[in-house]
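Below, each structure is written out as structure tokens.
After this come two complexes, each holding chain A, first together with chain B and then together with chain C.
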Partner chain A sequence: MVRHDRLLLKYILPVLALLVALVYFPLVKGLITAFRHYNLFDLRDTSFIGFDNFKAAIGDKTFSFAQIFLNTMIWIFASLLFQFVLGFALALLLRKPFKGRGLYSGLVFYTWALSGFAIGLLWSWIFNGQFGLANDILMRLGIIDSPIGFLSDPRYAMVSVVVVNVWYGIPFFGIMLLAALQSVPNELYEAATIDGAGRVTRFFKVTVPFVAPVIVSTTLLRMMWIMNFPEIIFGMTNGGPANATNILATQMLYKIYKEYDYGQASAISFMIMAILFAYSLLYLSATSRKERDF
Partner chain B sequence: MKRIVLVVMVVLAATLAISCGASNGKVQLTFLEVLTSPERTAMINGIIADYEKLHPNVTINLISPPYESADNKLTMMLNNDEKLDIIEVRDYTLRQFVNNKKLENLEKRLAAWSEGKDLLPIALASARTADNIAYIIPQFFYIKALFVRTDILAAKGITVMPKTFDELIADCKKVTNKKKGQFGFDWRGKSSEFKFSDLIQLSDVPNIDPNNIYKTADGAFSLATPEAQAALVKYVNLFKDSVPSDGINWGFNEQVNAFISGVTPFLIQDPDTVSLVDKQLGRDKYTVIPLPVGKSGKAVVDYGFASLGIPSYSKHKDAAWDFIKFFSSAKENAAFCKQYGPLPVHASTYADDPFFSTGVYQAWRTEMSDQDHYLFVKYPLGSEKWPAWPQTHEQTMQSLLLGKISPTEATAKFADYWK
Partner chain C sequence: MSPKGRFLRSAGKFLALAAFLIFAIGPLLWIILTSLKDLKEVYTFPIQYFPKKPSFASYTKLFSFARFGVYFRNSLILTLTASFGALVFAVLSGFGLSRIGKRSLKQRLLLLLYFTQMVPPFIIMTPLYTTFSSMGASDSMIIVAIIYVSIVLAFSVIMAKSFFDRIPIEIDEAARVDGCSVFQSLVWVIIPVMRSGLAAIFCFAFVNIWNELFVAVLFLNSPNHLTIPVALNSFISKAGISWDILSAGIVVALLPTMLVFAFGQRYIVAGLTEGSVKG
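Let's look at the complex of A and B:
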């Protein structure tokens, strides 16, 4: 038995070492930084300052934390909802074979391969309030008289960046859900049809329960990614105008790239982690109960 | 097993040889640039190739991180004492490298360098920005001037160029026809937008301290003076009257685009914009004139620079200095600036090469020589409050332009920040 345990230990040791070196060590180091005065501008003083970094981030006079938090929630849930619904619809459309389906799926899923910054820059031109394509099309169609400041008007800025994020994220759900849908046995549909189930009933009683585990895991994953995805906002609005599109992740990047304040950035990153952790626990406990109901 | 050990040893030896940078008696220098752009990187590689031809025992490895993250990458590498011998230091990053004792003092080397005496006074002053010690050798200057679309103004009947900011603002209003998509002033709304508002606001204040643009000679906070507050209202009105509302989100690219497409015929920019505009527009459609002056009779002009330095821990300081001398020589510096756009650092270049004293470059020559009208000023780059200032200013200014706060409240926020 002892020999067996040792053997086991040998097997898991490399992975454990990698995990410690690449995940836990940086994590702990980051946590320590969050409690230190750590600004690259001047590293002569890196003393421990308790919760000052957290207090400074939350009590920021220029960047209202309440607004950043609200922005983050809108950014996550609006993006997630539309990405999921449209991605699911796309997967359903692509499930039945048709001529050129491979090429078509390739084209549709292509956006998923682009970098966030590149997308941000591309769309910032499309949404440009003066020479943008979006304004040009809307004006030619006679829908608007004068150009809309999609990225310069706080009323539209958040909607605009969410639209881009949705555009970017649909293929992810499309790919994952299409794979799940293709594994639903046809016999189930046949049996359901014989029992007199219509399209809607089949969808909710056969399709959805069968792909439910995939839905749970993909939405959870995606929520985490969206929360940690500042690139599009960075490329399009810099968090502006006047804080209107600033989220926790962009604020964290500001602290690193512009202010060199790694202490405050670490503090914000731990808030992000805490939120994600709490959310994951809640979400998984809620959905596991629901899965049992099916 | 033996074979594996042998392979590991060979790999280790090879890595060691490379990291020591001294395989076969050759010196290998590592050079990191920060203002990366494809054309500029190609130019630097050209200079490196020329240098390596003249010095066969030296090879120079150029690292070109993407522009957005380059300063951070450099900071991280310096703080970990990673192999670097020549680094590009900007006015913005100099203070932190000096604070963290990462830069070599170049005073002795500068004193012994024959071409050092040819450096412009402004270049020498910039070299000694931190603690009055030359930690760096400036390579290029960025100074703002007024780009003007002469073709559009002529069509509107404006032939006399504005000499004051008030005249400029009046011209902008005259040109604007919002219904036709014609506006006057090329606004900067994000990414260092404070450089534009400060210029217009603080040129109205009579006694700015040249060593700190945010102070007056008697020590008051310059942005809170009555003149600056009045000018802030003027600046907001300029936005309302003569700028597309989208300008609030404009950075450098949008500015250049608005100028080239003719949406806004007045643009305040640095000399490296010249080559961009030349390529897309041509000099028959635009010109560059010296900045207008404010109510103080002067324009407060800040100057940015990029420079080269040697990390304090470099093992090849002499070799690195030799390359910096080559790179910074009047000949190489002038050739580089001609292609890339910014202003060169040697006095002889301006005297010998008509390129930098005629045509559009005349505007900068005037600004640099006319001390009655142009006051060169510094930002408080050494202050620990500096790094967070640009974002704070941007958010506050955007709130002001959107009407969320009043000019008085904005001024109060600025004053509170610098308290």
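Let's look at the complex of A and C:
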């Protein structure tokens, strides 16, 4: 087959050209912009200013960076935890065939295909402080006496946006883990049962080890993806109230759309990328060590 | 297990499945109900759950003075063009990557593709904007379509490659013995047996591109070029949202990708587990 390689490379070249021009080139340009003064209002001066953009973004007077960072971590790990646990539970429920399973999984997995921004808007209506369905249900159940400002009260805003992200993200884990579960050979369960293992033991000694590689890769990918996913927050609170749901990605959007400060925006995305990079190295080395212990 | 225990377990399972179902479709049903109410019914508390008489007045307003017809057409043309473009590129280079013989070359090319998946879309957004606007080509739907192709491209190629990998190379060779060129064997012999793979790639591209907001907000300014997400965004940035119209707008924004999911679920599941990169 080697004699075709030259021809096959021609099939790949257009894609490489597109990726170099529209991903790699702007990536390098973006990384450089992080170290430049670059404001759309004042493009005469685009000189290099070292780490000033980073300092300005971190020392921002109106938005506490420490809080943004903490918000980002809560947003990522709370969303990830509940998406994973509920998605896994759903996959376990769907493992054995039952009548109407195809239709059912379509009805619980469809949120995967929705626009994050439109979902944010949809749920901001449900969480509306005056006419929202959430308040109505909670009041009818007698859990609260008067309507809560889910999105206007800093105490509830983060919980509210995380609920929506969980709603949106369950299908990803559901689909991936369901596929992994269906590839666990039945003989393994039979052998474990003969050895006297109960349901719980079978789950932790057969199921979990078998799907562990899928768990590692999906949680890693999902974490990166949630970090870069401001759409829901953008549609619900846009980072407010009082910075309560502001994450790195929404803060970066603010720098682009409201302050036109591309230098600081690039500095923030530089930080996002650095965090993701460090995190994935840590995560991979930690999980591969754990797998060796098995 | 005792009959009673078995009954309790299947009852528990049924309740859990019911809870997931209500959680998943409840919000969607709610926004659809809202969009069918008139303005007074939308703004009542305690809530009036069902409209007395379902009305499509919100949709009429949406498509007449809010000009949603134009935005819907823009979104549809943009999404179909870019998804189809990505599909063509993905098939060609996915085939190339799958069949290329030299291992080291193949791995280096794959690494180049996988790395783009780690790049946050935001970091490339503003440089693209400044580059294209300095060329005087910012408010252009063609440019946005090309950017959209490049955004979904790497994942589409990875997916296409893994679909081609499952087709035995003997099929290519047999076609070539029968006198086909490499390109002819791809078009006439291989593509016909991976139609479901093509559907998966197309569904993925469609969903991602239809839902894209931030690049479109940055690039598309003139009222005739807006896409549905951008139009929704401009709704909420204007003071005072009217939830009767907005709810109809949300339903229109969600519907196309839901249809794609309904028809393509089988392929999407295959694509997700095959490529396992995008969430």
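Here, the second predicted complex is superposed on the first by the 271 of 294 C-alpha atoms of A that agree within 3 Å, B and C clash if a C-alpha of one lies under 4 Å from a C-alpha of the other, contacts with A are read in each partner's own complex, and residues count from 1 in each chain.
Heads up, the rule we're going with is that contacts are C-beta pairs under 8 Å (C-beta built on N, C-alpha and C of every residue); 3 or more make two chains touch, one makes a residue touch a chain.
In this text, all values refer to a predicted model and were calculated from it rather than measured experimentally.
Per the definitions stated earlier, placing chain B and chain C onto a shared chain A by superposition produces a clash between them.
Touch criterion met: A:149 reaches chain B, while chain C stays clear of it. Once the two structures are overlaid, the count of chain A residues touched is higher for C than for its counterpart among chain B and chain C.
By the touch criterion defined above, A:90 reaches chain C but does not reach chain B. Applying the stated contact rule after C-alpha superposition, one finds that A:8 touches chain C and leaves chain B untouched.
Shared-chain residue A:257: touches chain B and chain C both.
In the superposed pair of complexes, A:130 makes contact with chain B and with chain C alike. Look at A:243: by the touch rule set out above, it reaches chain B but stays clear of chain C. By the touch criterion defined above, A:113 reaches chain C but does not reach chain B.
Looking at chain A, you'll find residues 117, 128, 130-131, 147, 256-257 touch chain B in one structure and chain C in the other. For chain C in complex with chain A, the touching residues are 13, 16-17, 20-21, 23-25, 27-28, 30-31, 34, 42-47, 89-90, 92-93, 95-97, 99-102, 105, 109, 112-113, 116, 118-128, 130-131, 146-147, 149-150, 153-154, 157, 169, 182, 207, 210-211, 213-214, 217-218, 229, 232-233, 236, 243, 246-247, 250, 253-254, 257-258, 260-262, 265, 268-269, 272-273, 276-279. Of all the residues in chain B, the ones that touch chain A in their complex are 68-69, 72, 75, 79, 95-96, 99-100, 178, 181, 189-191, 244-249, 251, 254, 257-258, 261, 263, 384, 386-388, 390-392, 394-396, 398-399, 401-402, 404, 413, 416-417. Interface residues of chain A, counted against chain C in their complex, comprise 1-2, 4-5, 7-12, 14-16, 18-19, 21-27, 29-31, 33, 86, 89-90, 93, 104-119, 121-123, 125-126, 128, 130-131, 133, 136, 139-140, 147, 167, 169-170, 172, 175-176, 179, 217-218, 221-222, 224-225, 227-228, 231, 234-235, 249, 252-253, 256-257, 262, 265-266, 269-270, 272-273, 276-277, 280. Contact residues of chain A toward chain B in the complex are 39-44, 61-63, 117, 128-131, 146-147, 149, 151-154, 237-238, 240-243, 254, 256-261.
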